[in-house]
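What follows is a group of structures, each given as structure tokens.
Two complexes are shown next, each including subunit A; its partner changes from subunit B in the first to subunit C in the second.
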Partner chain A sequence: MMATGTAQDLEWRPVAAFVRMGWRRSSSDRASAIGLVLLYWLVLLIFWGLWQATPLAELIETGMTRPAVFRYLVITECIAMAAGYPYRTIEHDIQSGEIAAGMLRPIPYSIAMLADWLGQTCHRLLLLSIAGAAAAIWLTGSVPFAFSVLPLLVLSMLLGCALVLLCQLQIGYATTWMGTAAPVFWIWQKALFVMGGLMIPLTLYPTGLRSVAELLPFAGMLYWPGSIALAQSWTELVWPLGLQMFWLCVLGGLTWCVDDAAARRIALRGI
Partner chain B sequence: MAAIVVDALSKSYRVRAPDAHRTVTRWLRPVLTREVAAVREVSFKIEPGERVAFIGPNGAGKSTTLKMLTGILEPTSGTATVAGFVPWQQRRLLARRLGIVFGQRSQLWYHLPVRDSFDLLSRIYSIDSRTYAARLAKLSAAFDIGSFLERPVSELSLGQRIRCEIVAALLHAPEILLLDEPTIGLDVTSKSALREHLSEISRSAGTTVLLTSHDTGDIEEICDRVIVIDQGRLLLDEPLEQLRRQFLRSRSIVLVTAEEHPTLVLAGTRVIASEPFRLTLSVDVAATGVDQVVAAAFRTLTVRDLIIEQRPLEDIVKAIYRGESHNRPVQEK
Partner chain C sequence: MRNDTRKIGAWFAYLGALVRLNSRTIVARPALTLLSVGMMIGNNFILFAIWVIYFNKFSSIQDWTLPDMSMVLGVMAWAVGLTFVLFGGVRDLARTIVNGGLDVHLGRPRHPLPGLLISRSIPSGIGDMLSALLFWLWLGERSWAELPILIVVSTAAAIVFTATLTATQCLVFWFPRAISACEDVFNMVVMVAFYPQHSYGFFVRLILFTVFPTAFISLVPAQSVRDGNHWLIVAMLGAAVFYSGVAVAIFNRGLRLYSSGNRILELR
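So, the complex of A and B:
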């Protein structure tokens, strides 16, 4: 018997259930959570040491300080590590044929996968944010953001994670054509680290490269959330959030098309 | 309206030709491919409530047909409707009306407790909480899974997992149940219990069942019609009983006698084995009735015990695969 309620309720109930399942899955895996936090702290410590060895004058030219660059890194690393590797799950499902079970449900496979990983990512994001704030207070003496921008910083970090997840979904589907997704992932990941400004803000890049990088989706995943952490006023937040929303729509639409093309290929060639 | 209608369904795959990988020049040449037909113009119709076995040797095209009926595979030609839907065009709509069990693949979430998997499925299939609770209570009692509902799927034995898979497939009360080798790898006791539960549930709910299995026990206990497919072609589509009658023109009769060297000569019979105090005959029932043989045995011998054996379904299936016609009796071993 169908549930009572509106059509929208029927659509969102399973999605919400998958998000909850993802959260529970991540929160029940304590060993991975501890390992992730330790790795995050290690990365932050290494880069903090690196900034100590960097001549301060070069940073001052761009209006940056060592604590500011460190705070930026706290945010970008947090997003990069929280998103995880959903492409591997999709790759495995396609290679093993287990995607059939997902395709035989009333909810689209990619929506279920996205919701599940969004739940996991939210849990890891919370965990790493607390760990990152603690590291920032310990090393720089303050939290890595202005409290006035906190709600929009959270939104921006979530949007950044969503963009990463959407890209990884598409990368996972590459298995349908290539038999494996790893080569695409490695190229995409390196592009994300460089063009997204994982370690240093794009403001420290050469002007030409910076102008291009700021307009690419990679910036929406890491650089713009990181730059929001450094923002002091609301006016500095409109452009980053607007760009993130734009890329969310573009990558969302692209994921839908790739999902459709992959399902079609599976239907024609079998699994 | 028929539950499943399949009309001239065909599926071909393009596969790499055998020499495609042999030399480094493969990078310079177009890859050679050839077309392999997995299913060729298969047609059948299944009415609501029917329980049909869909059998064939390995590579016959069973799974390919089943995948087309679920909508995850598109045919090269032909049409099919399942519960009124064209599967490959309306896969998600059909999913709500279909229950599927792949014996070798899981639809449960390995890391979750069984109950959480069921809870998630209840959300996916939009089952209201009261109906879900009642259905889960009924199915967990029927399949005896109550004791391990709280355990993660990864910790279950194969038999326990398969029972949970079937419950998962039945939770949304599907009209049609597709079972792909549901008893594979199970021990005799688990198989028997599972068949009994499946048969009972499908009969009481009027669920249409399409079952593929290499185990003739599954077919005998669950189904009442058999469709045989081989090399992608439909070989036979008949009620199970009719199949037995047509294919099984011979019976074995074992006579335990007071005589040390019993003999019985009768038209339409031949001796399979003769041992002290025991005679095994094969009877061609088209030539001689079993009753006539029994009467003759009682007339001429002192019969202490009598066993009439029907050849097992497995032999019939083997005979069909071998291509023996309906009108020839299955050969005795």
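So, the complex of A and C:
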């Protein structure tokens, strides 16, 4: 029993260390943190301006209000900005050959990367959540969520970020085959914006498109956490969280396959 | 006088040589170039879908409709595309400065900034420029007669975009760990320019016309053509000159703080 416990500690300790390192790296970079918050506020102001310019009568017809849409945007934009663009680290590591050093570590390169990104993302998520709540209170005069759903909202936002990070890890590995990951990232990012409902909640989409988009992993990254902010009861939260869990398993498995294929290709052909 | 003319001629010859050398990277890997171009066009049209969805539900954004937004997107695509094709080095400027890559350019008998900016060409920029033509002439319902003026104002927008990126990437001279912040700023500039900025309040517009000049990357050029306002065209050309000057001044200021020497051996 003792031996098993020690072995598990040995496996998780370096992963936890990478998470802590990511958190510290993000928290020590104060200039970036301030810049990120200012940009987040600017984007929220822009969205606020956009929805203020939308004809009110037409908005009410859809069953939404400006504050409700803004609360939704506070969440979706928070997740999108907290996750950032970490795929570029892997792209850079592969292009420069630095991945070879990373692959020599006792824990897998992809696990180390994910743990590091998770630490950074969690720090930014905390920072932006506070900034977003402040912006929502300032602009709409109300707290952007019901307090009863707060724990599940946090869980859903974390799951959303995890889904984004898993996708970005796979996108970064595309460099192994294509020499660059940027073209794949652009398409993925724009698909996330459109099918994830970054700017417009999926409830405002045409029925057919909405039915499809709600089932895709992009919705789990942005729309479902955003819709939790609009939820009033626990029963509305089961389906979104279930879908997020499902996609976490699917994308986790896919990431494992991509990681394995990329590692084999690098081992066989070099960088 | 003749000496000055010769100097200016030599300067342009130098820039021309840099652009020629740089453009070779685009044709060096044709398959990758074609893939990047195709995917960038796809990327732009997926992004445009957001506005199709929006205008499917709502009639306008303060009198702006889908063709107007198509023109905004076209202007932005041209500005970003031209920047990436000609001045692709701006994308990695912050990383180059932090990694000591500036040393290679400081060893040359010219100002390092043009060499840095024209050190890389990003093929996807061609996809952006091609999609700009589609956004203007097809989805934006503009005529062929308006094309020259669209290209002029969008090229001015490209200069403002390059200058803005240069200035923001120079942050690392003062804050060497701010590489990720530079990346965030780049993405935000692109993102903010994508939205219709004519509807914002005074405070936001003040920012967008000054420290964060995205208004000159999409709103003003699009509005100048939409309204046929010649003063806005003049304003665009003025903004291109002004922000270029600001970018060079910030770069020169930051350069005084630069003290790396770790890549100087590459010159040997």
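Here is the rule we use: the second predicted complex is superposed on the first by the 266 of 271 C-alpha atoms of A that agree within 3 Å, B and C clash if a C-alpha of one lies under 4 Å from a C-alpha of the other, contacts with A are read in each partner's own complex, and residues count from 1 in each chain.
The criterion applied here is as follows: a residue touches a chain if its C-beta (ideal position, glycine included) is under 8 Å from a C-beta of that chain, and two chains touch if they have at least 3 such contacts.
Predicted model only: the values in this text are computed from it and were never measured.
Enquirer: Contact-wise, after the overlay, does A:Glu98 reach subunit B, subunit C, both or neither (first, second, both, neither)?
Expert: In the superposition, A:Glu98 touches subunit B alone.
Enquirer: Touch check for A:Pro14: first (subunit B), second (subunit C), both, or neither?
Expert: In the superposition, A:Pro14 contacts subunit B only.
Enquirer: Hey, is it subunit B or subunit C that touches more of subunit A?
Expert: Touching more residues of subunit A than the other partner does is C.
Enquirer: Is A:Thr180 contacted by the first partner subunit B, the second partner subunit C, both or neither?
Expert: A:Thr180 contacts subunit C only, not subunit B.
Enquirer: Thinking of the overlay built on chain A, is A:Gln52 touched by subunit B (first), by subunit C (second), by both, or by neither?
Expert: After superposing on A, A:Gln52 lies in contact with subunit C but is clear of subunit B.
Enquirer: Please name which positions on subunit B make contact with subunit A in the complex.
Expert: For this pair, the touching residues of subunit B are 13-14, 64, 67, 70-74, 88, 91-93, 95-96, 98, 100, 102, 105-107, 109, 111-112, 116, 119-120, 123-128, 131, 173.
Enquirer: Within the complex, which stretch of subunit A touches subunit C?
Expert: These residues of subunit A touch subunit C: 28-29, 31-32, 35-36, 39, 42-43, 45-46, 49-50, 52-55, 58-59, 62, 81, 84-85, 88, 178-180, 182-184, 186-187, 189-191, 193-194, 199-200, 204-206, 209.
Enquirer: For the complex, give me every residue of subunit C touching subunit A.
Expert: So the residues of subunit C touching subunit A come out as 29, 32, 35-36, 39-40, 42-43, 46-47, 49-50, 53-54, 56-62, 124, 171, 175, 177-178, 180-181, 183-185, 187-188, 191-192, 195-197, 199-201, 203-204, 207, 212.
Enquirer: Considering only the defined contacts, which subunit A positions touch subunit B in the complex?
Expert: Within the complex, subunit A contacts subunit B at residues 1-4, 10, 13-14, 16-18, 21, 24-25, 97-98, 100-101, 103-108, 112, 266-271.
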